[in-house]
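In the two assemblies presented below, chain A is common to both, partnered first by chain B and then by chain C.
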Partner chain A sequence: MDKNKIIIYDVSLRDGSHAISHQLSIEQISKYAKAAEKAKLYAIEVGHGNGLGASSLLVGKSKLSDEIMLKTAKENLVNTKLGTHVIPGFATINNNINRAIDIGVDIFRVASHSTEADTTQRHISYIRDKGKEVYGLLMSAHMTNADILLEEAIKMQAYGAEAIVILDSAGSMLPHDVKKRVELLSKNLKVPVGFHGHNNLGLAVSNSIVALDSGAKILDASIKGFGAGAGNTQLEVLVGLLTKYNYETSIDLYGVLNLASLADKLLLKEAITISSLSIVSGLSKVFSGFSKHIQRISIKYDVDPRDVFFELGRQKVIAGQEDKIIDVAIKLSKAKGK
Partner chain B sequence: MNYFNISLNEAIKIGALRNSEILVTGGTGFFGKWIIEIIAYLNDNLEFNIKLYLVARNNSLYINEIIKKRNDMFFIKNDVRNLREIPSTVEYIIHAAATPDNSIHMSNPIEVMDTIAQGTKQVLDVALGLDNIKKILNISSGQVYGTLHSNMISENSIGTIDTNSINSIYPEAKRYSETLSIAYKSLYKLPVVQVRPFSFIGPHMGLEKPWAINNFIKDAIKFRKIKIFGNGKPIRSYMYPTDMAWWLLSMLVDSKNGVIYNLGSSEGISLEKLAMKIKTKVGVDVNIDILNMNEDSAVFVPDDSLVKNRLDLDIKVDIDEALDKTIDWAIKVL
Partner chain C sequence: MQKLKVCILGTGNIGTDLLIKTLRSKYIECTLFAGRNLNSKGMSKALSLGIQLSDKGIKAIIENPDCCDLVFDATSASSHFEHAPILKKLGKIAIDMTPAKIGSFSIPSVNIDDSIKHKNLNMITCGGQASIPMAYAISQVVNNIKYIEVVSTISSKSAGPGTRINIDEYIETTQKALAEFSKCENVKTILNLNPALPSIDMHTTIYVQTDTPDMEAVKKSVDLMLEKIREYVPEYDIIVGPEYDNRIIVLTARVRGMGDYLPKYAGNLDIINCAAIAVAEEFAKNRNKG
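Right, the complex of A and B next:
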């Protein structure tokens, strides 16, 4: 891979699903996909915020089925690849992955918590065996030190992952946290390393540049930052910035700026901002996708959502443990004598 | 299907195996299947009258079919770590119970190390009770050489292995198994020989295993782009399993106790050339994408001069013929 050639992977229509409680419509997907194709994006990821098969009462029901979302996107893409997020447990090979392969998904990104890579073995190996592009994703990479992260990444590489992406799921990493992790992985893996930022502490774009300088070859981003909590690395800002750093992305600058204008009208009911709760998410190191659930449950139990975040942080909860929110809210409520 | 063509003169060289009893651990694996093939050939065509015992945790459909049809092969269902009783008449042991699949090493590192360490100890302990034991081949791995800076790896090469790395699970356990078996040789005079296999290609391979050559063949057959993740420069060599099985039986007969022997072809080929050969042989017009994701250009090719000179063994099936045969087989099974 050329030194300055990098892949920008657009997660807007997947991570952004969190921001609208997974209520993406056919119109939103088809119009966005068309515009992404025009902007010459490398790939767009589409689906429920927690990926294939995740639509449920626990983490939120999607408006559309996985199948309809993926088919709609695929019908509007020619050169831009279609990606999907896979968390083993939510997604099964027979029910979800085979269907996605039939629909024509090009890239499967199989994720686990950053210490649990071995849960991805069957999924990664199966997808690789089917000849599809498959990445390994280590979620909540901020909760795991660089050495352990490397071991987990090596496992995914051994299973057949063609790239390893680390996720700053709570937007809590500081630049030196990113540098240490990406540098170690880039030096010791045979496949490219990617970085997925969140903006809880306002560092998503700058952390992405740090990741690049540390050896990353793939950066995740979303249009206008459309993503869970305080949003992701802002795609159009990143693309603009990369032109100043002389990195090649193949993305058309005007195209991506048009995409941002379209997203204003098409996707965002309200601008993605760094809310107080997002800051607390970043500080407490709890996955940004918990925000909406915490807000809702805190109202029900009349507790301060910031306290809920910090308590969940103390308990080191990870994505998939959303049911813990109610436990914590009840505990805090009882402590207040309610 | 008959894969072998062994002449009478060749058969004389391994004549000591006539009427013998051989036990193979890891009996349902790649090595086990090829030992079955060659012994079936010897018994059916050259009246060797060998009894073969296959030890494995679980039987497979393939092995089951063979065992049902034949009265010279027997399955012993057991984890090698729990192996206690085997026929006292066994004279030769090929200890091949361990998977070289590194995705399994990553997912079950403790299990892998324990199976190699405890399994080897158990096999050696059981061998102590055999009155007529003549040879034990400890199937180690070419990976025990670790990182080297030589082009051809000879049996006296000693490289480095980072013992503090998850990548070292398999080679470090195999190193332990070698030293442990040498301890048994020293203390109890067990006739132990170390065999260090390199890379193979041929029927009975698990094509789902995450190795470059498997992916190249699968991709070409399925008209998919062949992807080379690195720069295509690493050099590998591939031995066809009929040669591998013949070498193993010859080692049972002619090897010297306590000596290490490489098991592999010395005909090196770069991954890029290998991909081009496979593309041409399959006859498809698919692209070969060299993705240059890393700068690895390591050479993993054995020096086979010791085996050739001391055991008078040679490669009969070169890389071209091996690929032709493997591709024919893969088209049928995929």
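Right, the complex of A and C next:
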């Protein structure tokens, strides 16, 4: 790989699903996919915010099935690859992965919490055996240290992952946290390393640049930041900025700027901003995807959503434990009544 | 009264914890603890307790078929596929702790009377033992259930390599049993592993989507079930609900174990073992009656 050549991986239609409670429509997917193709994006990821098989009462039901979302995207793509997010524990090979392979998904990104890589062994090996591109993703990489993260990344590499992406799922990492982790992984892995930022503390774009300088070859980004909580690394800003750093991405600048204008009308019910609650999510280190659930439940139990976030952070809850929100809200509500 | 003689196959965490539980039982006794390696931690524990040991695995039963009436198979699904026909031929009752799913599903608080009519029982999964009784209790008093979902979170430390590599089987087995017991075809299972230290207790949340349930009846049915479960899992608690909101009944249970061989937070491992012991004891009681 060329030293300055990097991959920008568009997660808008997957992470962005969190921002609209997983209500993506066929029109949104098809129009966005067409424009992404025109902008010469490397890949777009499509689906429920928590990936294949995740439509549930726990994290929210999707408007469309995984199959319809993936098929719709695939029909509108030629050169731009189609990606999907897979979390073992939600998705299984028989129920979900095989169907996605049949539909023609090109890139499978198999994710686990940052310390639980061995739950991905079967899935990564299986997808690799099927001849599909497969990445290993370590979610909430802020919740463990660099050395453990490397051990987990090495496991995924051994299972067959062709790249390892670390996720700052609560947008809580400081630049030096990113540097330390990405540097260590880039030095010790044979496969490329990627970084997935969130903007809770306003650092998503700058942390992504730090990641590049530390050896990352893949950056996740989202159009207009369209993603969970305060959103992701803003795609069109990143692409523009990278031209100043002399990195090559193959993305067409005007194309991606057009994509941003399209997204304004097509995807964003409201602009993605750093809300007060997103700041608290970043500070409490709790996954941004919890925001909407916490807002709703806090109103019901008449508690301060910020208190809920901090208490969940104290309990070190991880993505997938959204059922804990009610428990915490009830306890806070009772404490308040006393 | 003569105790029912049981053999434990597999000397890992599950097998060793089962052994400790048999020591307390008035109805069953462990007459053989068989595995592959006499130096394993479980074997050392059994040795210190004066239990008959063997490193020949199932061969130990084949060579001495009178040693037991019932076998807990705590090996692996692939091993149980080999063991099941052998145990059947020898006329032994098999209680399968693996996800092999050869036998019929057993949950003591739900179908113990039916369970003892079978010769091979499958204990489903830890999440299944924790959630299905409650889903069943709700399904008994609610019509028109559209969908049931169960989400379990267990501590990372309580999930051994077997659980991790078999996470798909966990989901499929739990879903299959959930559908069978609740008579609702539209079901989903989710599993999380949480690495927080100190380790967290097992939690299970059950969501039941339905219109206009009689929540008084639901609460009554859930309370009755809670009593039944506590007969064999004393520290099973309901910490949220049952509540009805947004057309969904939600209930969260916390499962703490007995802290026998495994730590108390590993309620997931404890509940499946407690369930297996409860069924074995029922076989013993029934035999004494007959």
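Note that the second predicted complex is superposed on the first by the 337 of 338 C-alpha atoms of A that agree within 3 Å, B and C clash if a C-alpha of one lies under 4 Å from a C-alpha of the other, contacts with A are read in each partner's own complex, and residues count from 1 in each chain.
The rule we apply is simple: contacts are C-beta pairs under 8 Å (C-beta built on N, C-alpha and C of every residue); 3 or more make two chains touch, one makes a residue touch a chain.
Note that this is a predicted model, so its numbers are computed, not measured.
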* To do: Name the chain, either chain B or chain C, that contacts more residues of chain A.
  => C
* Asked: Touch check for A:115: first (chain B), second (chain C), both, or neither?
  -> second
* Does the superposition put A:162 against chain B (first), chain C (second), both, or neither? -> first
* Which holds for A:268: it touches chain B only (first), chain C only (second), both, or neither? -> neither
* Asked: Which of the two partners, first being chain B and second being chain C, lies in contact with A:326: first, second, both, or neither?
  -> second
* To do: Using the superposition on chain A described above, determine whether A:192 touches chain B (first), chain C (second), both, or neither.
  => first
* To do: Using the touch definition from the top, say if A:129 reaches chain B (first), chain C (second), both or neither.
  => first
* **Doubly contacted chain A residues - partners chain C and chain B** => 118, 121
* **chain B to chain A touching residues, read off their complex** => 102-103, 105-107, 166-167, 208, 210, 215, 218-219, 222, 224, 227, 229-230, 291-294, 296
* **Partner chain C, residues of chain A touching it in the complex** => 56-58, 88-90, 92-95, 113, 115-116, 118-119, 121-123, 143-144, 300, 315-318, 320-321, 323-324, 326-327, 330
* chain B touches which residues of chain A in the complex? -> 1-2, 117-118, 121, 125, 128-129, 131, 151, 154-155, 158-160, 162, 189-192, 217
* Which residues of chain C touch chain A in their complex? -> 147, 149, 151, 153, 156, 161, 164-165, 167-168, 171-172, 188, 190-196, 200, 203, 205, 207, 209, 239-240, 243, 245, 248, 250, 252
